[in-house]
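Input: structures, listed below.
In the two assemblies presented below, chain A is common to both, partnered first by chain B and then by chain C.
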Partner chain A sequence: MSGNAPVLAGKNLTRRFSRRASFGRTETFTAVDDVSLELHSGETLALVGESGSGKSTTARMLAQLITPSDGTVELGGRQYAGRRLGEFRRQVQVVFQDPFSSLNPRHRVEQIISAPMRYLDLPKPAGGWTARVKELMERVGLNPDHSQRFPSQFSGGQAQRIGIARAIAVEPSVVICDEAVSALDVSVQARVLELLRELQQQDHYSYLFITHDLAVVREIAHRIAVMSQGKIVETGDRQQIFTNPQQEYTRTLLAAVPQIKYQRAAAAGQAAPETGRT
Partner chain B sequence: MTTPSATAPPEPLDAAERPRKLGLLSLLRGVVGSWGAALALGYLVVIALLAIFAPLVTAITGNDPYSFNNAALDPNLGGLPKGALGGISAEHWLGVEPQNGRDIFARIVYGARSSFLIALSATAITVVLGTTLGMIAGFVGGKVDTVISRLMDLLLAFPSLIFMIALISALPDVNRHLMLIIVLSLFGWPYIARVIRGQTMSLARREFTEAAIASGASRTRVVFSEILPNLAGTIIVLATLAVPGYIGTEAGLSFLGIGLVAPAPSWGQMIWSAVSWFTQDPMYFIIPGAFLTLTVLSFMVVGDRLQLLIDPRSGGR
Partner chain C sequence: MIWFLLRRLGFALFTLLVVVLLTYWIFFALSPDPAAQICGQNCTPDRIAQIRTTLELDRPFFPRFFEFAGGIFAGRTIGSGPTAVYCSAPCLGYSFQSGQNVTDMIVSRLPVTLSLAIGSLVLWVIAGTIGGVISAVFRGSWWDKAAMTAALAGIALPNYFVALLLQYVIVVKLQWLPFPLNDPSISDPQSWFFSYLLPWIVLALMYSATFARLTRANMVDTLGENYIRTARAKGLPERLVIGKHALRPALTPLVTIVGLDFAMLLGGALITESVFGLQGVGKLARDAIGTNDQPVIMGVTLLAATAVVLMNIVVDLLYAVLDPRVRVAAR
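Entry: the complex of A and B
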């Protein structure tokens, strides 16, 4: 990757959670411990690790959904907080794990996709949001005639496309995908990953991809950061991590992947029966 | 699925995934789908129409609720109505009151007016108050939640009937309708706020709330445009089930003589006057009692049916 300044950077991010234990004591648990990450323009950085390794917490701090106990998040070298958070959100959008639970069940698709544009006070086009929403639906491979439907009228893969359309609606520079394809079955996964790659080629989004699924990582990542127990244990190019891992933990993680998954994912790449347009 | 997709065949949805529409029309259709609820709704519509058009209705029957009709009474029997069944006749459809001969049908119709006016106003106020405070407590949490929750606990734990009696007796006798509405609302909102608070807390933890925040929504916008639409069903059910409670309480207070007072017509106060005539003229007691019972029952049946339609898992309470 290029050596320019990073688009999004987390510096010494630490997040502690405290919970009340019995007899009035408070237990503190450090979910993320002094993590620094840099995401460069147009690249896909995969943050991998097992459940509980703190990768999701890291992602939520980078998206400024939770505040770090220590450390800073910088976008283009600057910090955005308080009133200026809107400018940050304009540049950094999130695609969530569960396509259904991340879409408001009582909102129509048009309302969902136009939400960031409305919430971030983008100028409303003369004819309303409809035309822009339809254009976005077409871009993510959805039928624009379905803009008045509710999320429950879509399949999981289609619902995740709605989530992607929402994320790219304000033309951000960074899209954080928090386990964005892990709730989908393997064939649909491949199609959604393909869409994300296409969008990146067209609009040069930088992706931060949070996942525990190494098959997904192999598909999409340029660089990989491996997390374990709240710390980043290894960072490197995809090639290097997969062929020549330096750390014992990375080797264990790679060895733990059932081999069959690669074959299924590869087969699904050719003949994916996902519905909806692509 | 009506519009087929241009390139791919629409996939079939299984029953569980089919969207549950919340349109008013489909809810109405759902209520009418059960004969019990249809009957209850029909009864409520009739009573509501009678209440709304009360002056017109009494003009048709030719009896207003206030004038005495000595002609309909039998002076030899100590002022009991002439004829069987409390004086039911072509002229007085539901008979007349003993001793003064006021037309019972006219008083029932005007009584429905008072009952509905008080119950619906109190419901509107408690729904607005309960929803707002419940959402604030559930979403903001922390100290705000503690303050609102303790206030709710206090009001819920209060012996509200005793307090209502004391309050209404102590306050100056300005407008009994208004006072009843205020007192009922004061003690009624925590029942709604409690449920709304719990639901808001669970909705606030759902991913779409976080997605809205990531989309740049302010807290106010999250509450009003993301969470509130998901509470619509609950609010409809709570409101429908609150109305019979208020009608019953208003009747109870009027029965005790501190609600609406004669000559203002009120079902509860009619029942109270009928108590001393029960052995000689049971119809005087039965008629307002039946109207009150049927109204409260109908609201409950419709409310339960709505709850079943909106939240099938609840199993109708």
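Entry: the complex of A and C
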């Protein structure tokens, strides 16, 4: 998995937010502090941490949705910014947390899924956009006859499948999943995770998975990076993090989920999410 | 959809009937006796009685009202014997002052009012949208602050003041525009345009100020939506993110406000028309109020009410066009 050059890398990423305090002073808050991350081809890297640890800010910098205060984002060893952002988006797509609010409620599914292909200048497929959209809908397990519906006419899990179809429409190399399954209930979560894994096996996407849910992490991650207070405190293989965490914070984080017998589940390797729950 | 429309039209008709009844009653019960006013200072009781008979003021309320309401839809014959005149539908009666047919009076004033209303509508929607969108996209910038201050001024300043000021500065002092005509005709487009330009600007300043502030507020809200972030993340160029994803939901609720403001203008811009000496419906209403010319006031009131009621229906239909979800729900 690793060893070769990273697909997407964040180098020394720092993000400060400043807000105006009283008496004209400015308070600065460092949300992400000197974070470096490497995502390799075909792997799933989970970025975990508690709320406010800076994992979402890191993800948004890596997706180039916000600009880092310091540090760089490199895709295949090159930087893309400004006018070349389109080329970056062609390779890096994002699936967001809340499937409903993330999809424009006034657009039909076909519009939603085909927009990235059309505006990122992909060649028009032989069968036209409609055929391509239907093919994508089938791939993510949606009924292609529903392409003229609006997002509100779908369930949460289905809506997230629309989001996934939209993300893989341009055949990117990296998909950043920002809490992509946290808004779904557990049984739907498992099926969406299964879909993501299938897609990865077929097309070798690299996933950056932002989550606070360790059950999800154990289900899908190859490698894990643990964040706390804007810094990465530990990085390692799934096995190693779950069975032999090196840092106190990681141990606390794992212990904070009392229902999960992480040692047994991690040792089992391919454990299904239900088996981890007692 | 057809049923929806019919239902709305039926309801509109009912609303208008209530408006007619109420205005008719107000003038019947509350206003000073028009006969005494017409008669003037050297007046005898006999003369007043005679005028009251001619104007049919001596008859009881309901027969008069039903005759009037019937005349609007079917036309009616006024008076009897050789002096009787047939007044075709929509009959609003005859002016107490000039003896002219009120419907004809209003129709002859409509081109001016329509020119004024449509021209300023175009100007205020364009100016308001551009101002509001730029303010929302670059909020906190000097443009945002300047535009919103100007908008506040536009709302706060009375429009007769702005009208007089602009007329004095631009026409009298700087002489950038020719002196506006009182009765510009569209057959001479150039003088038509220049005569209306200032009134348009005055009205647009007032309406676009509200419009720009609301556009900005709605736009700031929609720009914060998650699907805007999605649109950026999936790689849409910023102009499409703003134009296709943010602008539409921001403007849809404003259709109501534009529709109602426009309807009000169709009922005549009283002050602006008076300041610029334009012979529109608003001027007609103002003159009629000055002389207590009840049939004319009734007529203009009814026109204004009709405009408001009809624009409400138009607004509902526009909603269906602008928000595709409404169409699905209606189906």
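We adopt the following convention: the second predicted complex is superposed on the first by the 254 of 278 C-alpha atoms of A that agree within 3 Å, B and C clash if a C-alpha of one lies under 4 Å from a C-alpha of the other, contacts with A are read in each partner's own complex, and residues count from 1 in each chain.
Just so it is clear, a contact is a pair of C-beta atoms (placed from the backbone, for glycine too) under 8 Å apart; a residue touches a chain by one contact, two chains touch by 3 or more.
Being a predicted model, the structure only gives us computed values, none of them experimental.
Engineer: In the superposition on chain A, see if there is space for chain B and chain C together, and answer fit or clash.
Structural biologist: On the shared chain A, the partners clash.
Engineer: Mind working out whether A:V94 is in touch with chain B, chain C, both or neither, as first, second, both or neither?
Structural biologist: both
Engineer: Regarding the shared-chain residue A:S155, is it in contact with chain B (first), chain C (second), both, or neither?
Structural biologist: Only chain B is touched by A:S155; chain C is not.
Engineer: Tell me which partner A:L65 touches in the superposition: chain B (first), chain C (second), both or neither.
Structural biologist: both
Engineer: Quick one: is A:P116 in contact with chain B, with chain C, with both, or with neither? Answer first, second, both or neither.
Structural biologist: Both partners, chain B and chain C.
Engineer: Touching A:D145, do we find chain B (first), chain C (second), both, or neither?
Structural biologist: first
Engineer: Give one of first, second, both or neither to describe whether A:G52 is in contact with chain B, with chain C, with both, or with none.
Structural biologist: A:G52: touches no partner chain.
Engineer: In the overlaid three-chain picture, which partner chain does A:P125 touch, first (chain B) or second (chain C), both, or neither?
Structural biologist: neither
Engineer: Kindly list the residues of chain A that each of chain B and chain C touches, one partner per complex.
Structural biologist: Shared contact residues on chain A (touching chain B in one complex, chain C in the other): 63, 65, 85-86, 89-90, 93-94, 96, 98, 101-107, 115-116, 119-120, 150, 152-153, 163, 166.
Engineer: Within their complex, state which residues of chain A touch chain C.
Structural biologist: 63, 65, 85-86, 89-90, 93-94, 96, 98, 101-108, 115-116, 119-120, 150, 152-153, 163, 166-167, 170
Engineer: Which bits of chain A are touching chain B when the two form their complex?
Structural biologist: For chain A paired with chain B, touching residues are 63, 65, 85-86, 89-90, 93-94, 96-98, 101-107, 115-116, 119-120, 143, 145-146, 150, 152-153, 155, 163, 166, 275-277.
Engineer: Which residues of chain C touch chain A in their complex?
Structural biologist: 225-227, 229-237, 240, 245, 248-249, 323-325, 328
Engineer: Note which residues of chain B are touching chain A in the complex, please.
Structural biologist: Going through chain B, the ones touching chain A are 1, 3, 5-11, 13, 17-19, 22, 206-208, 210-218, 221, 226, 229-230, 232.
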